[in-house]
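Chain lettering (A, B, C and D) follows the sequence in which the chains are written, and residue indices restart at 1 in each chain.
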């Protein structure tokens, strides 16, 4: 036991290198998922953020930026410990993350109760958009339902009579189908929930073929999406329009390739967005990381730009939290998606587009904007938020 | 009726994939009494090697042919470095070691090939599909997969039941004390069984690469299904693994396809969809618990 | 008085091998009955069926006039039908005392006690010491069973069986692997024990069998070919041919 | 007094000093990490009782952790957020679940037993994933930490650490007594030689069933504490990988030793945290380390105490 005690002491000394943040420096703690299959999403966020900081000369708002990246392993209790480490050991001024909503649920309270701001570059759940909104919590992506609403609206406008809905059986999956149904008033041919992590969709595909709906809507992130899209094409079902969210994006397209071409999605941005800052970003990202950026990277880049603008507006004084909060809320930066402003609940108000998968001239795949579906669209939960 | 046929075919095909992975593991369990949690990781390595080699050679068949010796070599390397030293040890040490291996291999493939899912194109000769029901093409590759799986099953059956090696393997599975009594070189037999298991796992990984995405951790979820198959079929029994895999494949697929509709008949729709959602993913575990309740050593136990 | 154990037409097959064929046997209380037979005659299989470790394919087993055929090993043990094992099968991680105390505990029926230290249970330890003294292991109480010599382990096996307070003790080759001196000690022990408890002794050592047994039965190829007083068995031509003859010739 | 009693005493005394040491460092982080380690030590110890002392390799232990956590979450939601009440609910719930499922699992032996515990664990996992009322996969947030006998002492991280330490110490004393009791002696005997135990007149099934219930109850307490530590509960607490983690902690510490399970849990969690601070590829380091410990055998307790 004596020996193990000395081991513990040594471990403790190693685990707490810490130190207060020095003057003229801003510390960013980033918590994203970097293990398991979803690691690719966490990687995009890390890289998108790093690209912005590099462009700003290693500074944010004129202060030297020190970025600590930790992996939440997609385990909520581990995420809480990691976040406490960022706050107490590394004394970060901003926590950027996470990728997934269940991690957000776990870390929102510890971060917002501390002296740091929490900025989510991806997860944006409805509870924190409504009653439980928080002055120290900002979202630079969107409220989760909105992307599904885009596709529901499109299906409705297009006059589809019936839709077949398919999602994994977990909270985000159920929310996705609800979001779609909020806008789509046609007949629901069938609503199928698959176990999380299901690999083979042939049973569901046969059902789709039997039901003959006007359109299929699905939410099938990560590897599940890769499998579904390939199998959908192999089953010869591509005559039925395939509407999906987080199923075909730049993180999955390298694996889906031709099978996904023509599939429709909803997003707040696509790599072919026609503005100079976006074009420069896509080119720089591809040069640096050899992959086409998805919205994850775009939102992380915007997050860095938001922090940069806020520190600048607040005069570089990180200790003045109220000034910093007001500056963040202004959202006074040049977003890659063009227009960007925060609603009262600190979720964005922005445009949403219908996107379509295309093969580029250089052989790579990306989503491209087809049409704008919502303009300056805020989420419907903001009215429940007590913030003004 | 056509739908039922297609769904049965789907179940069969899932079962065949599960069989290819289970066949090797059930022998490793049965003959060597070795709890190998890393078998799923070896399947994943097979898929990655296939994707890499097919990409490198630009030819599906050549890539597939190269994958088999590569996975065999990988498996034998693991055997020589780690497994060999754990054969007569507490199963808990085996669990600890192979759990550690999963962590290492998952992280390793991510470091080498990246975290993005990668995919393999269907070979041109097997592209396209046949219309088994209106509106749905059944991919020829999947039919070929079922055929290949049945061929492997038949081959294994011949090897295990009609060769000297097979006789020893069977003897080992039913009573490991007996093989040493018969003067058989256990080290060599274990090496053969393990090599066979590793190659089969690698083959399964390579064959599914064109229909499933190849990604880190893909072996972990499959591993649990494979355990279910082995336990239902009876540890150490190829026949059990085959029938267990088909049973799991069919029940899972048909349950997903027709379960909700059946529940709709029995209760009001909203309660049915709630129940269906919770019940479907549990179906095969319920099946397994049921089998264990009635036959605690699986459906086709090897006589001990 | 009626038989303490009665076997009626007991049969058991392992595939093609018939280990017990229609065995009928009665054991009188207060006597030592020996079961002999060549290797592979099915002696241990028969003990396994009597004790409940193995279910017979056909036939019935009565213990003190109760049909115990369908009862498990543990249920028969609780009724006093206790066995020792051929391959000394002790709890090697436990001390000799604990091995025997556990048997006493089984008899006392007080095992769902979660807090009191079992090692300090005076009543169980006292009973265990008596049994250990009885077999001559009084000096070895604190030793772990795994550290005892082969002969000591055989004696401990008997002590464990005694602590179960058997009404019928099934002894499976207690003399196997013992040296000359140890055999003599064990023989003396069984001589005194046979006055207290009814025993069914399965044994290879013919000298021991004819020195101890009141009755002898002969099992060959799963069949009971003879049963009677030791002298009669020794003289029986059938037995001599089937079994004893071979040994004398060898 | 012998060293077997002194060593745990020193161990717990040293753990009691951790919050004092933490005041010089990043306190909330250090306390959170240390408290989580203690909670997992409790869970690993409950598994050790079954696995090391009873010979039952359960691959579904995380289910009990999750049951405890959800019991706390449900009570907290309906205003019953008192630690004693939560534990008082979680314990019978987990014990009941353990008895019901083990009654089936225990019919199977060896690998079959391991796998059937896994199956029941997976069933419970999928149940909570599809339970929308409690947030499904997203989990559910507890508004506040539980009260303790009506007081809000536990709101302080330091007090909560001591509550976890007290639970661990009590659990240790309890299990240590049970292992040495008449019941524990039968259980240990079953692990060594089940056939012999039956020949003595014991029915192993009843003892193993009771052991499963005790283990589940203790693990559920760990679940209650885990829920309150993070003010958050989700099905991720009960994945099969979590059960694997618990087995790793137990085996890492040394099979059969209650103290070893504590040591294993602390070592595994602290090492994982430490390694992941320095590299994103922690699996490349932790994995081989586990393999090496397994090849050596007997776990860390073997290294420290030199054998079982």
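FYI, a residue touches a chain if its C-beta (ideal position, glycine included) is under 8 Å from a C-beta of that chain, and two chains touch if they have at least 3 such contacts.
Values in this document were obtained by computation on a predicted structure and should not be read as measured data.
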| item | value |
| --- | --- |
| Starting at subunit B, fewest touch steps before arriving at subunit C | 2 |
| Remotest chain, subunit C as reference, centres from CA atoms | A |
| Chain centre separation (subunit B, subunit D; CA means) in Å | 31 |
| Inter-chain centre distance, subunit A versus subunit C - centres from mean C-alpha coordinates, in Å | 73 |
| Centre-of-Cα separation between subunit D and subunit A, whole angstrom | 34 |
| Whole-Å gap separating subunit C and subunit D, where each centre is the average of the chain's CA atoms | 43 |
| Subunit D, residues touching no fewer than two other chains | 126, 129-130, 282-283 |
| Of all residues in subunit A, the ones touching two or more other chains | 34-35, 169, 193, 195-196 |
| Chain pairs that touch, as defined at the top of this document | A-B, A-D, B-D, C-D |
| Residues of subunit C defined as touching subunit D within the complex | 51, 53, 72-75, 77-78, 82-83, 85, 89-94, 98, 101-103, 105-107, 110-119, 121, 160, 164 |
| Footprint of subunit D on subunit B - complex, ascending | 29, 35, 37, 82, 85-86, 89-97, 99-108, 110-111, 220, 224, 227-228, 230-231, 235, 277-278, 281-282, 285-286, 288-289, 292-293, 296-298 |
| Touching residues (chain side subunit D, partner subunit B) in the complex | 51, 57, 104-105, 107-109, 111-112, 114-116, 118-120, 122-123, 126-127, 129-131, 240-241, 244, 247-248, 250-252, 255, 281-284, 286-291, 293-295, 297 |
| Subunit D - residues contacting subunit C, complex | 177-178, 180-186, 188-189, 192-193, 195-196, 198-203, 207, 210 |
| Subunit D-facing residues of subunit A, complex | 1-5, 7-8, 11-12, 14-16, 18, 34-35, 69-71, 73-77, 80-81, 84-85, 87-89, 101-102, 105-106, 108-109, 125, 169-172, 174, 193, 195-196 |
